[in-house]
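Note that the chains take the letters A, B, C, D and E in the order they are written out, and that residue 1 is the start of every chain.
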């Protein structure tokens, strides 16, 4: 089970347990009016600032957040150790054979540029533009969920106010008053729940996934440039591993056996 | 229907549906006093920081937000492919004929500078000043709506407090109390609705439209400079497409047939 | 009537109209205790962070905000067209005669440095230090009002809490309770009104006036440096006008007749 | 009386006056439980992030905030006029005699480096490191009070909630209910008062004092470097005065009579 | 006792004392449902954005926050005085003997690079990458607690709303109403307590510890580079001490007797 799912089950479980302990059934927390207001309302208010073309990406992005997979820095370094060996033993052009086996288009573009003998500064520039344009696309998607998380409590509040307005006009009957207010409060509850159990954590998750992906992309940039300069395998591995946490560093010796297989998975 | 309109209809629809489900008619949500306070009050408080000359631009800006049109990056690149072909085959001066057909004054200025043989660094500087001054004008307009969105809930709150003050002075009659409080709460409701269904989304929309326009403007700067340097069409297209998302890249081959027609629409 | 005054009248009018519609007289909103707390309290809390020398500038700054006058970019460019003509026809030293007629000390300093033959980089540096020190002084004043706007609602809240404490100790009499709570709520109302109709808009207005003044100052820096370099009048005007919005650009031809008169008013 | 004291007396006076006007005696606002919670609680929560060594500096820092004294830019410039005269008439080494009379260690360090013939870039670097390390120490102290100002209202709220919990368990007796709620509200009141009349203004005051001190320090850096370059007295004074507000500029002529005496006080 | 513990005891003590003074026993503040909601819920919502590998580091990080130990700048400078003496008297290679006694891997890496004769700019770059990667790891951990501190009050609020919903459905019985609302308010109380006595202070503490560690790391970078350049011991000590507060500066003379022992503890 992915961390996203575990976290959501924990948070939702805590809410249901608390409701149970106070003898409120789950059914009592379900009501159509606050849920429509919070989910459809927040979605509508958020849609305003986005193009229809962006709306269509939302389901795919949700999948990405739930799976939470980022390119693997460790395997990428192993691949670079392999590429550096080839480049030094058989020459740059021998890397052409490896490129077919790489699935990550970013790494592929970078190595192709090196094989084509493009100038180092230009290789860096092309890859940086790719990272920049990736950042823009990712950011607009994580911002989508964070914006929804900002709207949800407000739409919940609207539900509560509308409920209160309905209740207050017939103050005479105290039992009705209580039930009406309980219903009204469901708006605030669902607004807060939607924002804090769903939209805000998803937006934050997407932001963190992006940061981790960019870190791996920058590693790939360093690796590609290292290979272009003909850096020794041992030195390249050391240089790249400086960006890993100390317990993940294996050194040159630990990266010998693998190669193309790893390169594929690093995609 | 533009995304802005779809989003607003969704959000407003969710609010009306929730009201209906709680058996509150739309008419019960309409009252002159909270609406005057929220709309006229927020407008007045926002006007304070703006010059009368800026006030007059608001209706036009609203239209821009609703239409949500930005210059098309795709067509712009196609135009540049066309311009690069001409420049390389017939020389820079042959671009003079194309300029008459361009409607976008930004692109026009840039190409004219290139034809006039102005130094690359100066071309970039002139176009950057244009982008900067565009940013300032756009920013002050999006800020107008975001400021209104900041004031609206506060003016709504004033309405609720004024309503409560009116009610509290005659606490004896509970039916009046209920009706008075319901009326008072409409202030908070309208403040929140105006901010979250209208002003804040419009301000955010304008900000995002601006970002998209600036991205296309920067593409035009790169394109103009590429043509000035006599860059090969294939290379120029690749360079510019690196800033598009991967699924929008067509390559050199995909940009052959079109030309002046596209250039016009990119305006 | 200045925009500040129009905006304030609109916002205050909306509040009074809403009160009227709910049949609350203006007199019922006036009470000494919340008003003392909000105005004197916020002023005191804000004074703490300021020197007595700065306190004395407040009335003058209020005048500036209400008048809302900034140096006129359009007239400044016309003056520069005039100066550039003189400098090219009669030499730099002929500008000496113009300086006596300029009232703006910033422009005067800049031109004097050019006449004295000071190096371009140093001219820019001296003028930039002037802008920087202007920014610091202006910023501390706009911050004064924004800080008051931050304190006002809190002092209003204190008034409401004090009022509630007074009321709650004699819960038995419901009519007294209502009147007491109504009085208490006036604290919150005045806090919110003072912040949103007065302090915050004034602070924002001052910030925007500053931004507009700095933009004109930067224009003057560019103009002074252009004259120092002996730039042609037509080119200088084009260069400076790039910083105006397109509808304000008149070109060289549109700036012929005027001169020293405009230079005075640009002060 | 220092501005800090005047401001606090004004703000506290407004609060007491408002209480008096609503016929609440000062004694009714005093209660041990909310005051312990707000002051001891906020202090404890803030202490967590600080080292015991930093705790001990708080009383001294409080004194600094109340006195509100910063090095005097005006006297510093007069001192520099004096130093520049000596350096040009009698040579750098003659400044050695002046150093004994300077009390400000920052200025002393700077001049000593100049007398020792240290390179200009290195003088700037050493003094910048001093300013940086000063900024870090000052910032952690102003942050201390701003953090307390952030915690205080929350601890006040805890007091109110605890009070409400106590009250709500015996709802039957309405007189007790009123008194209990009044007591509970004191928590919120004291939290808001402590934050807005004490902690936040003190933190802001310390930040502004720091900014003013750094501005004077940067003036001293410019002055020291000017003397090192053998700048003429008149030019040095003009250069330094550009950083004062226009009404504080006296020019070279206005800075003749004084010298070492002023230098001492500028410490 | 560490500052963290003292601060927490103070803040918690203030809360319990306030409860006691209002005659509420500690037991009355304990209830399973709000505590589960606040602690398990916040943890779950925070977990969503983190990888399971990061979850496992939390207990260790908690220990770090409570102990609050950072590398000692003072001892580090003494060690550098010792290293500089050796390097100048016996040559760089003699430092090889010292490296075995150093426990801090950061310092060890730096000195080893110097002994290996690596270029100064490259030494700085390698050490800066280490600091950067340290910052990333530390930041994600302090952010963990700050995120929990952001979620806790919201989950507390959910508890209160759920409690109110339960209560409001049986408004008829006022004694039940009171008890129910008291229970409901415990949610808000625990949310606020968890955020302000636990999560937020811990996150801030970790951030401050990190800042202090980075400051010491930067000192080590300066020291390592100074030794590489063969800087005189006295000069190196002065240079490094400029980054200490004035009362911690001992000068060259004060750093004579110690050496390897100190170097070990500085780890």
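We take it that a contact is a pair of C-beta atoms (placed from the backbone, for glycine too) under 8 Å apart; a residue touches a chain by one contact, two chains touch by 3 or more.
These numbers come from a predicted model, not from an experiment.
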Angular offset of chain C relative to chain D [C-alpha, multiple of 5 degrees]: 70
Whole-Å gap between the CA centroids of chain A and chain E: 27
Whole-Å gap separating chain A and chain D, where each centre is the average of the chain's CA atoms: 43
Residue list for chain A, restricted to those that touch at least two other chains: none
Pairwise touch network: line, ring, star, complete, or other: ring
Neighbour-by-neighbour ring order, given that chain A leads and chain E comes next: A, E, D, C, B
Chain D residues within the chain E interface of the complex: 32-34, 36-37, 40-52, 55, 105, 126, 129-130, 133, 136-137, 140, 147, 151, 154-155, 157-159, 161-166, 168-172, 183, 187
Touching residues (chain side chain B, partner chain A) in the complex: 3-4, 6-15, 17-19, 21-24, 28-29, 68, 174-175, 177-179, 181-182, 185-186, 188-189, 192-193, 195-197, 200-202, 204-205, 207-208, 215, 242-246
